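Note that the chains take the letters A, B, C, D, E, F, G, H, I, J, K and L in the order they are written out, and that residue 1 is the start of every chain.
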Amino acid sequence: MKPKTKTMKRILVIHGPNLDLLGEREPGIYGRLRLEQINSALKKIAKAKKVKLDIVQSSYEGQIVERIIKGRDKYDGLLINPAAYTHTSVAIRDAISGTGIITVEVHLSNIYAREEFRHKSLISPVAKGTVLGFGPKSYTLGLLALIDLLNAR
Amino acid sequence: MKPKTKTMKRILVIHGPNLDLLGEREPGIYGRLRLEQINSALKKIAKAKKVKLDIVQSSYEGQIVERIIKGRDKYDGLLINPAAYTHTSVAIRDAISGTGIITVEVHLSNIYAREEFRHKSLISPVAKGTVLGFGPKSYTLGLLALIDLLNAR
Amino acid sequence: MKPKTKTMKRILVIHGPNLDLLGEREPGIYGRLRLEQINSALKKIAKAKKVKLDIVQSSYEGQIVERIIKGRDKYDGLLINPAAYTHTSVAIRDAISGTGIITVEVHLSNIYAREEFRHKSLISPVAKGTVLGFGPKSYTLGLLALIDLLNAR
Amino acid sequence: MKPKTKTMKRILVIHGPNLDLLGEREPGIYGRLRLEQINSALKKIAKAKKVKLDIVQSSYEGQIVERIIKGRDKYDGLLINPAAYTHTSVAIRDAISGTGIITVEVHLSNIYAREEFRHKSLISPVAKGTVLGFGPKSYTLGLLALIDLLNAR
Amino acid sequence: MKPKTKTMKRILVIHGPNLDLLGEREPGIYGRLRLEQINSALKKIAKAKKVKLDIVQSSYEGQIVERIIKGRDKYDGLLINPAAYTHTSVAIRDAISGTGIITVEVHLSNIYAREEFRHKSLISPVAKGTVLGFGPKSYTLGLLALIDLLNAR
Amino acid sequence: MKPKTKTMKRILVIHGPNLDLLGEREPGIYGRLRLEQINSALKKIAKAKKVKLDIVQSSYEGQIVERIIKGRDKYDGLLINPAAYTHTSVAIRDAISGTGIITVEVHLSNIYAREEFRHKSLISPVAKGTVLGFGPKSYTLGLLALIDLLNAR
Amino acid sequence: MKPKTKTMKRILVIHGPNLDLLGEREPGIYGRLRLEQINSALKKIAKAKKVKLDIVQSSYEGQIVERIIKGRDKYDGLLINPAAYTHTSVAIRDAISGTGIITVEVHLSNIYAREEFRHKSLISPVAKGTVLGFGPKSYTLGLLALIDLLNAR
Amino acid sequence: MKPKTKTMKRILVIHGPNLDLLGEREPGIYGRLRLEQINSALKKIAKAKKVKLDIVQSSYEGQIVERIIKGRDKYDGLLINPAAYTHTSVAIRDAISGTGIITVEVHLSNIYAREEFRHKSLISPVAKGTVLGFGPKSYTLGLLALIDLLNAR
Amino acid sequence: MKPKTKTMKRILVIHGPNLDLLGEREPGIYGRLRLEQINSALKKIAKAKKVKLDIVQSSYEGQIVERIIKGRDKYDGLLINPAAYTHTSVAIRDAISGTGIITVEVHLSNIYAREEFRHKSLISPVAKGTVLGFGPKSYTLGLLALIDLLNAR
Amino acid sequence: MKPKTKTMKRILVIHGPNLDLLGEREPGIYGRLRLEQINSALKKIAKAKKVKLDIVQSSYEGQIVERIIKGRDKYDGLLINPAAYTHTSVAIRDAISGTGIITVEVHLSNIYAREEFRHKSLISPVAKGTVLGFGPKSYTLGLLALIDLLNAR
Amino acid sequence: MKPKTKTMKRILVIHGPNLDLLGEREPGIYGRLRLEQINSALKKIAKAKKVKLDIVQSSYEGQIVERIIKGRDKYDGLLINPAAYTHTSVAIRDAISGTGIITVEVHLSNIYAREEFRHKSLISPVAKGTVLGFGPKSYTLGLLALIDLLNAR
Amino acid sequence: MKPKTKTMKRILVIHGPNLDLLGEREPGIYGRLRLEQINSALKKIAKAKKVKLDIVQSSYEGQIVERIIKGRDKYDGLLINPAAYTHTSVAIRDAISGTGIITVEVHLSNIYAREEFRHKSLISPVAKGTVLGFGPKSYTLGLLALIDLLNAR
């Protein structure tokens, strides 16, 4: 990753597959907030903390990989909810470790209180830290943590 | 899922990766019928049973996820042969359970008589039922079962 | 198996252990239809499709094995719901593969959505195909598939 | 847990075994801040957010269990870094689920990027949410999340 | 696969996800050569050996599947570095075995000297042979081997 | 299970395979009392506690299943030593959960101090409780517990 | 263990961690009786059967170990509900087998019908027998069995 | 087992499930000899070696258990081909170890060269010895070995 | 393997490592006969059955491999007790399957009644049959079986 | 750990749970020497080798952790027999690696010749070396080795 | 390894057990070329590339270890087909990593398309790279790669 | 083993494969002392303690087996560093348990702090005790322990 000048930090936010269902889908697990409302909350924080934010939702593993790789000179940090790909994607893991982008992983639900196959995250070992189980609040806490990490570099 | 009016039932049929090879590929395992012939048989049943049918083939996990999510207000039921994604896609599983669409899973071959890694279906637990091992007949039986399920609601 | 003359196909239907409880037992899992009602539905199909049907229910693994072996020159096909023996009986599996009888396996419930130990079928690898999860409808779809298989030989 | 009146929320903070070493021990993994500095940061947040805070460090599994049980009518929430007991203590897990206290789990290091035996948390399934990998920041984010959870009840 | 006439052999080269990072990404593991330099080396060999070469890089599992399936009448052989999909893609495996295309698998790094989850290749069992651990040289050796295999048919 | 009138409770006692050997077989493990002596002790308790008792020994899994199913309207409770079938019979488990009969499981020996394959009971999860390791005393304690459970309903 | 004189038998009763919560904690699993009520029932039996009883509750593994070791010349038998330590404590197991004290293990709930990690008891192999699943009744049955064992020596 | 007088040795031969199919069933695995022919060969050896022989075939696990238990005072040795029950019957294992009858296990096929689930014999650990893989010859060698063992006692 | 003329059959007997200890070593497991006595018994049978016999004992895996490979044109059959190499030698397995020599595997003890690691034979799947548990008698039965197999070719 | 001046080395000796039973408990496994006799032997060596020795026995995991942590500036080395905690304590492991104290692990018995669950030591990977199986001699050899390690620093 | 002068590179070629069978043994798996023909091809390349080559075949694990250790000052690189020892030899692995010799591993067959136990190579993690599945061509490609590696040092 | 006269004890020292590399090979793991220096240290102790010592190094599993077996009447004790064969040799284990020779196992490195496959010793269960992790000091401590054991017999 090329050296950063002392400008505004830029952060890429990636929502993984099925997150466009948010607010409709299994509210007992994921809460009632829609994705736009989460995005608004994130943008509000970004504004307050003076960081730039680009947000993308994709159900394609390949597209998520591409966004990370193509953004390697454009973003200082990555806030990602890999959703279903948390448990199956070596490709996203390799994109994160390959670009070396500072990454915070978030989950709406407590994946460790759900099915056995959700207890293994392929992403956690390449993320700096993880916030999980707080619903939409996982995102806002995660963003605060990421900004902190970027400012501390 | 929003409540349905008493109109014609609409069903989405999804053929997973490599099924466009059908009829050419390993006929000992998959039979000699081409995909179009299966589709014709399905359409004939749909006509007789007075249901609407949309059919899609995709080799992209992300596209299958999107089709299910975007179709959540458009279709009453899903007939899916997840093919290779049967064993690896948490994302398709989450799309089915997230939208709550009534789903029937079909397989041309008897996956339990093949390699060990094909004995685990990530889709079965979120499908209502499964038909497997009868070649193209798996599809037609599966469609009959699905129509029955939709009419019984 | 001795060669078949061009006469009416004969099919043996076997209901495994505890299926005599049907309609009383855990209706949330198995539905409310009693075994006789399922049998009536099967006989109606048999009549329409011009095949002969013998039906037996047994809670004895040994008796199920014997019925298959002794029926090896008498029946062209086997429709079996092995119930609990699905997961524990090598003997029934060996009877099926030893006689070479064309077999369709059916399950009322979706065994892959239940306890872990029900996810392994010892019978599936020696059956032509399997229909599961549709309640009593699993039987009727399974019989249709079996008749098709026998007519196609 | 008895019903709470509309008074100041009370939170118990538990630091598990070896955390009194903090700042000295393996700074590459745990950072350079001492436990008192973390406690000061937590108290500052508590003051700002108008919650009461009791903080305890213990290397005894039994003592941690007792503090949770004896505090069941005294505290509204629990912020816990179970440290080594994360991976071995069924007793602490049972204390949390038995009292039903609202719990947030925090870890200084990213336990999923360390030895295999640290990848299994017995505490996560009974916590509301988890924050891990951000060093001392895990605690402050965790406290913010916990206060939020308590205020939302 | 339809019979080939005695013309110039055509080979498809597929670079899997993240390989567009080559030369930048973890040079300790993958070396310092960029993808274009590898492609140049491959083209030089192709010219010398009088075979035609098409080269594609994709981060989409679905696109890799499609390229193999759509190329089934167009190419005589496949040289593939499945990268992250080596360990997770049943779909690419099925595309290779379904089309029956002669395949050589290559890896820049020695996957068996890395993390446990990289020790299992889903592609190896359907490839003719594998070359791994030699950095960019894996590709050139792999291409030589593939040309040899095609000429020997 | 049909509702019970306020009459004498009826209990079915089932001794599984090989228990007719009792008193002869491996006394170091099973003790020196013969089956009749155990039965006498049980009958004495039944008389004192005013419950009716039917006792059966069978080495047939199918017969045990049948006795449970056919007794579903006849008995209020089941005291069972499934012996070898403890570890292998899904059918007996299904008969117990299918009829919903109140069940107490007993074992003469401490199965958890014997071979590994005896450490897994398929029956325990569907029994109310289990008494094991006290020799013939396991039966009498088990009967007392069962009578208690029935009286408490 | 030193030889016992023909005097009143002395029994140590140990309640493991979290059992002081009894009656409050998850009544669906553990029932509504408080620990004192169980202790009263035990003392009543002890009085009737003319044995001496000491009762201790501890959440400390080390304290439970010490009580067993220090009691080795003082008690003839041990009635223990190891609770959470059932599944994790080699130390308590070693204390029991090291002192050779006659031990009966009890559990309020049916541990084999709960989470997988509760299916393994480290204590069972060194106990004479086990009573589980009958709620507080497990204790009284267990005490009766223990007195019997001591009288039979 | 009661002490034997110095008379003719008596041997029980048990053929397990599906062995009545012999000669018809999968001759590639089991050979072309029918069960009667094997029995004749065994009787011929018995006559020559002056031992008495009773032969039984059963597909019922329970019946095999009963024959062993009821024969405990009648037979000096057991020659058994447990067939499918080799891999699933704890009950037959317990009958053999419970009666203490001298047992030789035989298999027509080489079970260790077949499916994984056939590689585990529950019977081998309680048999004196095993002969497998020689087709009908396994029986005659097994009988010779058993007679030898009985004469050596 | 080159075609054999109708002459006397030649058999190679291989005793694996530690078998030179026989008669001294753990007689409870291996019996009291010395290796020479077993060899004499084998030679006597060979003479009676008119086959030629070469006998070798080796503690070197490599030497056993070499003897099999170098004997591939010299011997019609192999009688082998691989002893410790049963469980660890892929090389001996490959030598047997590579030369295609007709092989009978024997063991003095019942390896399936010993330590877990002795329950897996790498040799069984490439042997025609196995005789085990009869002490020195395993060899003589094994030789008879091998001669039979050779004469039947 | 703070730098050491050239003074007498100080060593902490920790005996884990149940070791106060020594000499009484299972002498077949642990020998007949009492703990004080072992301590005397250690002190004698300490005197001869001119090192200071503090000895503690504890059955509390938490107390062992505390002794190590609180002793981090006081001791140069640790000689520990973690006994039962060998196999279950991540906390003691973390205390050793966290303080960085030079540690030698000893065991009276050969833990690798006992039950399976004793074959895994959580302490070994953070100890410099281990001495096991020599009874009390394990301690004296371990102390000699530790003194050597400290003198060599 | 001592520093090399700028002279001709020296390479040791090791053929593991059973490779002297080549050309005779299972040609479907290993091809029809004999070992001498492979050696000739290797020598031809060596001559062209101006490297010195010593070739050895051994069925002894110990001898292979010794050749590597004794050659540590004599050879610059090692080309090895460990054959059966691939899956079982820690000793050869340690010889390679101990001497630090630059190593290329080759296999005639695609070991990942064969039996499960051949999917694990103990040698791969200490080799620079691996070439497998191309028959004799694996050797020549492997030699080219090795020469390249040596020249690049 | 024949009875020993009251003469000087004789000890066999065996160094396993690759130990002739000592001092050169991976000094970070094995230290810088050469094998001769270790041997000198051992001889010095032997002289002081008045025992006879024979020392052998071998890379052949078969040769190590032979040395143990042939030495069974010649040596009173065995000091062995099985090196790589620790993890793979059942044959050496059987030689030790077969001859019953008093054995002490030593390792230079802490095998439990290295790769997973080095955590399992096949030799430990048949050795009296083990010393590991102290480099060359493991040998001298092991010899002292062995002499002690021999003198105590």
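We adopt the following convention: contacts are C-beta pairs under 8 Å (C-beta built on N, C-alpha and C of every residue); 3 or more make two chains touch, one makes a residue touch a chain.
As the structure is a computational prediction, the values presented were derived from the model and not from experiment.
Tell me which chains count as touching both chain D and chain F.
Neighbours common to chain D and chain F are G.
Please state, in steps, how far chain J lies from chain E along the shortest route of touching chains.
When the steps are counted carefully, the minimum from chain E to chain J is 3.
Name the pair in E-K, F-G or A-B that forms the same interface as D-G; by residue number, over half of the contact pairs must coincide.
Repeated interface of D-G: A-B.
Over half of interface residue numbers shared between chain D and chain G means same, under half means different, so which is it?
different
Between chain D and chain I, tell me the centre distance in angstrom, where each centre is the average of that chain's C-alpha atoms.
Using C-alpha averages as centres, the distance is 64 Å.
I'd like the Å distance between the centres of chain B and chain G, where a centre is the mean of that chain's Cα atoms.
For chain B versus chain G, the centre distance works out to 55 Å.
When the centre of a chain is set as the mean of its C-alpha atoms, what distance in Å lies between chain K and chain L?
Computed from C-alpha means, the inter-chain centre distance equals 31 Å.
Quick one: chain B and chain K, Cα centre-to-centre, how many Å?
49
If I count partner chains per residue in chain E, which residues reach a count of at least 2?
Correct list: 60-63, 88.
Provide the full list of chain pairs in touch.
A-B, A-D, A-E, B-C, B-E, C-F, C-H, D-G, D-J, E-K, F-G, F-H, G-J, H-I, I-K, I-L, J-L, K-L
So in the complex, the part of chain J that touches chain D is made up of which residues?
60-63, 65-66, 69, 72, 88-91, 93-95, 97-99, 122
So in the complex, the part of chain E that touches chain K is made up of which residues?
The contact residues of chain E facing chain K are 110, 112-113, 119-121, 124-134, 137-138, 141, 144-145, 148-149.
Name, in rising order, each residue of chain A that touches chain B in their complex.
16-18, 20-21, 24-26, 58-63, 83-85, 87-88, 117-118
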